Amino acid sequence: MKQSTHTLEISTRGKRLYEITSPIVEWVRQQRIQTGLLTIFCRHTSASLLVQENADPTVRTDIESYFNRLAPEDGPYNHNSEGTDDMPAHLKTALTQVQLSVPVIDGSLALGTWQGIYLFEHRTRPHGRQIALHLIGE
Amino acid sequence: MKQSTHTLEISTRGKRLYEITSPIVEWVRQQRIQTGLLTIFCRHTSASLLVQENADPTVRTDIESYFNRLAPEDGPYNHNSEGTDDMPAHLKTALTQVQLSVPVIDGSLALGTWQGIYLFEHRTRPHGRQIALHLIGE
Amino acid sequence: MKQSTHTLEISTRGKRLYEITSPIVEWVRQQRIQTGLLTIFCRHTSASLLVQENADPTVRTDIESYFNRLAPEDGPYNHNSEGTDDMPAHLKTALTQVQLSVPVIDGSLALGTWQGIYLFEHRTRPHGRQIALHLIGE
């Protein structure tokens, strides 16, 4: 049994879903694991992870609009010191997740046909985001 | 340390919670692991996983109704090509999760007394759903 | 490769976020693992886990207020036998999560600078909560 770790650095330019499936799949392939478990961990409280459809792009824009309505910038928040987009960012992170684990079976991630892995950036200004990867298997 | 993987095939008939605790518990028992980690991964973007109370069935129907209100079929969506239940299905998946890991302690899943594992089907038409299982331990 | 398990017992006194980062970090340190994966599992259906900002406390009170609005006690629920806070508790658990995995890298949890781990208690009356911990690594 072996383990590997890696940190993915993602530059974001505003609130939206950024697909990160390719760099993750590529890193997993380089570890030459047949069976194992990949864990993806977003080291932030105003950006999160989502598995979603990677076919029709309107699914992603509808998701972004929906979460903007569900956690609006003009909500009755006390935490306003970091900008009107900050408290909604924390709420959207709470409603989604910062961690995702995906089994590796027969040498590949067990993602479904339509599943892509996304970084969900909730802040307006450009940010550098760190995604920690951990793989165990053999 | 050993690993096992399996794919559970679940047939669904409409939007609701389907309990999948029994086949998962049974498969884990067959692997004869004393200490380990089970990961359950739903390979879809319009169905998800939920741990919820398996006692009073009104908890489940209340959960189903709540999510129907939170992500209604008549929302202002641009993605409508796959039916009015499709975009709400993606949103409900985003609000819950497609992956769940449960420790195995003393030969059993560390589920609490009232916890059951559910597949949350968000589509109206019958679907065949694949749940990938990965177990590591000894 | 080795594994360790532990159960954290947390006493809660009403609906709010309780930080549990310290006892978790301390237990992980005692296991003397350089690289590994920690899994935290909340064995309840009316309390959940959240990773959130541990700096400004208004972030936490805003999160608590937000979830009280999103899943209000006076909603149209059929499950009322356990008190008006019970069904909202199940919904808030469904909207957040009962499981969280965090990689261990270079001997420490890969938490970001501002990330704290919280138990999100959704019930009004005092409760004893069990959080199962599982660590694999070496």
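Things to note:
As written, the chains take the letters A, B and C, and residue 1 is the first residue of each chain.
FYI, a contact is a pair of C-beta atoms (placed from the backbone, for glycine too) under 8 Å apart; a residue touches a chain by one contact, two chains touch by 3 or more.
The model shown is predicted, which means the values in this text are computed figures rather than measured ones.
The fewest steps needed to get from subunit B to subunit C, moving only between touching chains, is 1. Look at the contact of subunit A with subunit C and you find different residues on each copy: under half of the numbers used there are shared.
Subunit A and subunit C have CA centres that are 20 Å apart.
The residues of subunit C that reach two or more other chains are 1, 37, 70, 95, 97, 101, 136, listed in rising order. Across the complex, subunit C meets subunit A through its residues 1, 35-37, 50-53, 56, 58-59, 61-63, 65-67, 70, 95-97, 100-105, 110-115, 136-138.
Contacts from subunit A toward subunit C in the complex involve residues 1, 3, 5, 37, 39, 41, 43-45, 70-71, 75-79, 81, 87, 90-91, 93-95, 97-99, 101, 130, 132-134, 136.
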